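Next come the structures, one after another.
Same chain, two partners: chain A is paired with chain B first, then with chain C.
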Partner chain A sequence: MPWYRRLMLIDRRILYVVIALSVAIPMFNPIGLPVPSDVIAEAAYNYIADLPAGSNVLYTYDLSASGMTELKPASDVFIDLSFQKGHNVFLMALWAEGNNFSALWADPIAEAHDAVYGENFMNLGYVVSYSAFMEQARTDLHAALNAGIDKYGNRLSEFPVMKNVTKAKDFDAVFSFNTGDPGPTAWIQQWNATEGVPILSACTSVSTPTMTNYYQAGLLKGNLGGLAGAAYAESLHGELGSATGGMDSQSLGHVVIILFLVLGNIGYFASKSAEGK
Partner chain B sequence: MEAILTPTLGNWLSALITLMLFSILYKENPFYRIAEHLYVGASAAHGIVTTWNNTVKPALTDMPKYGTWWEILPMLLGLMIYFNFYRPYAWLARIPMALWIGYNAALVLSARQVIPFLNQLTMAIKPLVAMTNGSFDLAQSINNILFVSIVLGVLTYFLFTVEHKGVFKYAADWGRIAIMIGFGASFGNTVMARISLLIGRLDFLFGDWLGLLG
Partner chain C sequence: MRRTLPAAITLIAGLIVIIKDIFISPGFNQLVQDYLVRSVALSSATAVALGGLSLLRVHGRRVSRRREGWYNSVILIGGFALLFFLGILLDGGHNSDTYQWFYQNTAVTGSSTVFSLLCFYIGSAAYRAFRARSVEAGALLVSATIVMLGATSIGAAITPMLPEAKTWIMDYFNTPVIRGVALGVSLGSFAQGARNLFGIERGYMAE
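Showing the complex of A and B:
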């Protein structure tokens, strides 16, 4: 068999093993590849960092478990940043699964900052019908949030931090950690378009092109695209975490895929050229 | 479940099921089939439990606690859907469906749905000669020229009422190249997302399960 045929017929299992090794080896021996700068991620970081103390920032977990690897590092950075800056941190979810992650990821950070529930952070829970919630919350946030009840079944009106947050406009920013829709598009259509509430996002890599469009059109104040965006946010925050650690694996994995793409193409064009003769 | 599913047992179960699912990469086998069926069953169960815990249970417990009895109304409307299974009263199921469709149709037809599109349209109009702080900005100008020409090229590509000849052909070809580059970017991002998933699993296997990572 000619060499170019062999290139085109590499057993896919060899590809899987090589990709698995290229992703696994940097976990044991980090290479420390530089994280490329990301203007849109930097815009998101600076926007939240520049909000004055006492600002009300709503972090919304519009995600499923599939987004854990890419979105947890982003959540860690921004929740920590908000507590550092003295913001009032509000958590909620447009996805039922996200409701589990909001507490799981944010509560340990709140605890590390000695944040007091109800005074400088709140978990508003999961809303079933997001469009109805967003519409009603424009004028009456408390009523829109499961008839004024938080994630743990307490009345929102009992907490001091909720006194000045009664409608959508009272939020200085909404930051959506998202794996799909409903996510930033819904927030943009419902709260940004009508109330002018600034929207930011941390999305999975698949959604990055869409979010980039939104950013360029001025609909998003910033976006963290996948693991790379989260890794850059970690570097801006000065605390290198799992996203930065994963970038070596990510980069090496991509190099291997590109290499196999090139080899496959060489085989394809060589075979076409040979057939032409 | 929590009582028997200790972190160690949970880790072992997760690790074994992960390996069983990965085994399809070698070839079709019964371990993969078992894991696949377990996954489908567990996903369905997880969906039911998540919906119950996050939607039904809070409503049922909060209603008597806070006297929000009006919540019975949407619950009854929701339950009316099940009349679909009882033919003599199946027409009752149309009431909640009509409300739901009407509500969503009104929402989709509202002007705010097109605002993001209009914003993107407005932002596509850029100066071809860009000035920064009063002086000519070459890099920004090239960027804007590329941006505008790509928008026009892609729009021409999707212009089906004019034959793609002469200047239209060049514009459509330019648009086609731009679309291909766009697809390439999307593919790259998809690969990145899939590798992220693999990183997550390997991190679990080597770190949480085997404890090999520091």
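Showing the complex of A and C:
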């Protein structure tokens, strides 16, 4: 087989092994490449950082496990930021899987800040019908939340922090960690358009163009797009975590795929040239 | 009656929700919240339960008839039953440590693994399909390469122009196209809503 045909027909198992190595090696030996700046991620960080102490910030986990790598670092940064700034932190989920992640990711950070459940920290749980919840919560948040109970089955009225929030407008910001719909689109349509509640987002890379549209239209106050957005937020927060480490793996993975694209195209043009002769 | 009654219920319920936001009346609003909106939540919860039953029925039949891949259905039913009963029987339900341990080590790891396989499939598919066979394919190849490099740390390390070029491509090509698609989808959704409201579209009646 001529060399150019070989370039076009590299065994996929070789490709898989090279990609696996390029992603895995930087995880154990970080290269420490610089994180590219991101204006929209910076807008999100500054918006939450500028909210005064006592602001009510709702963090909503509209995600599945597939988005864990990209969204957990974003959650870590913003939950920590909110506690640092003295905000009242509320968690909830529009996705059933997100209900587990909200507690799993945020509770250790709340514990590190000595947050008291019910005083400056609440988990509102999962709502099964997001459109009905958002509609009802515009006027009666407590009734809309599973008939007035939190994630753990306690009555919301028992907790002092819930006196601060009785309707949608009482939230100073809603921040959605999302892997799809329902997510920021639903929050924008139901709470931003009708009640003027500011919405922010951290999404997977694939959703970034959609979120950029919302940001440019002024419907989102900021967005963290994928691992790169989360890594930039980590650098703004001054605590480099898994997103910054993951950027090395992502970088090398992209480079390997581009190298294979180049090899395939060299083979393609060489074969065309040989056939022309 | 089979057609008229569901169509009438849809029209009246839809109009009530629309009118509620036009003629603001706290009493009427409360009435809508208490009965109409809450009924949506109840019907959604019922649909989730029905979905679970349907899943068990489909996969139960596959196991009993030993259809191809029936053993996958056994694992699915086993996993479903395990998490279902743990959620009901354990103290603390789905918030208990035992439930969380099973959930994290089955559903979460499985889902993450499947998603991470995309990296290999996309790499392989891109290598085989991305050939500069025409000017358009060449432009796509070049822009994809710039965006892939510009979105990562290594692009900025090579030259600061790569992230800038990536932002330019995203802002002036990608984002406007997505905006156009979003507008089209929104207009389509609006038209679909109107068709449902006026009984022209009857797919939800299983017709």
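The working rule: the second predicted complex is superposed on the first by the 277 of 277 C-alpha atoms of A that agree within 3 Å, B and C clash if a C-alpha of one lies under 4 Å from a C-alpha of the other, contacts with A are read in each partner's own complex, and residues count from 1 in each chain.
The rule we apply is simple: a residue touches a chain if its C-beta (ideal position, glycine included) is under 8 Å from a C-beta of that chain, and two chains touch if they have at least 3 such contacts.
From a predicted model like this one, the values you see are computed outputs, not experimental measurements.
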Touched partner set for A:Thr139, first chain B, second chain C, both or neither: second
Touched partner set for A:Met122, first chain B, second chain C, both or neither: neither
Touching partner for A:Ser242 - first (chain B), second (chain C), both, neither: first
Touched partner set for A:Gln190, first chain B, second chain C, both or neither: first
Touched partner set for A:Tyr268, first chain B, second chain C, both or neither: second
First (chain B), second (chain C), both or neither touched by A:Ile40: neither
Partner chain(s) touched by A:Leu219 [first = chain B, second = chain C, both, neither]: first
Touching partner for A:Val23 - first (chain B), second (chain C), both, neither: both
Touched partner set for A:Gly253, first chain B, second chain C, both or neither: both
Common ground on chain A, meaning residues reached by chain C in one complex and by chain B in the other: 16, 19-20, 23, 66, 68-69, 97, 99-100, 128, 131-132, 135, 194, 205, 209, 213, 216, 226, 228, 250, 253-254, 257
For the chain A and chain B complex, residues of the former touching the latter: 13, 16, 19-20, 23-24, 27-28, 66, 68-70, 96-97, 99-100, 125-126, 128, 131-132, 135, 146-149, 153, 155, 185, 188-190, 193-194, 204-206, 208-209, 213-214, 216-219, 225-228, 242, 246, 249-250, 253-254, 257
Complex interface listing, chain B residues touching chain A: 25-26, 50-51, 54-55, 58-59, 61-62, 65-66, 68, 71, 103-104, 107, 112-113, 115-116, 119-120, 122-123, 182, 185-186, 188-193, 195-200, 202-203, 206, 212-213
Residues on chain A engaged by chain C in the complex (per definition of touch): 10, 12, 15-16, 19-20, 23, 33-37, 64-66, 68-69, 97, 99-100, 103-104, 127-129, 131-133, 135-136, 139-140, 143, 151-152, 194, 205, 209-210, 212-213, 216, 226, 228, 231, 247-248, 250-258, 260-261, 263-265, 268-269
Interface residues, chain C side, partner chain A - complex: 17, 21, 29-30, 33, 37-38, 40-41, 43-45, 48, 92, 94-95, 100, 103-104, 107-109, 111-112, 114-115, 119-120, 122-124, 126-128, 130-133, 141, 145, 148-157, 163, 170-171, 174-175, 178-179, 182
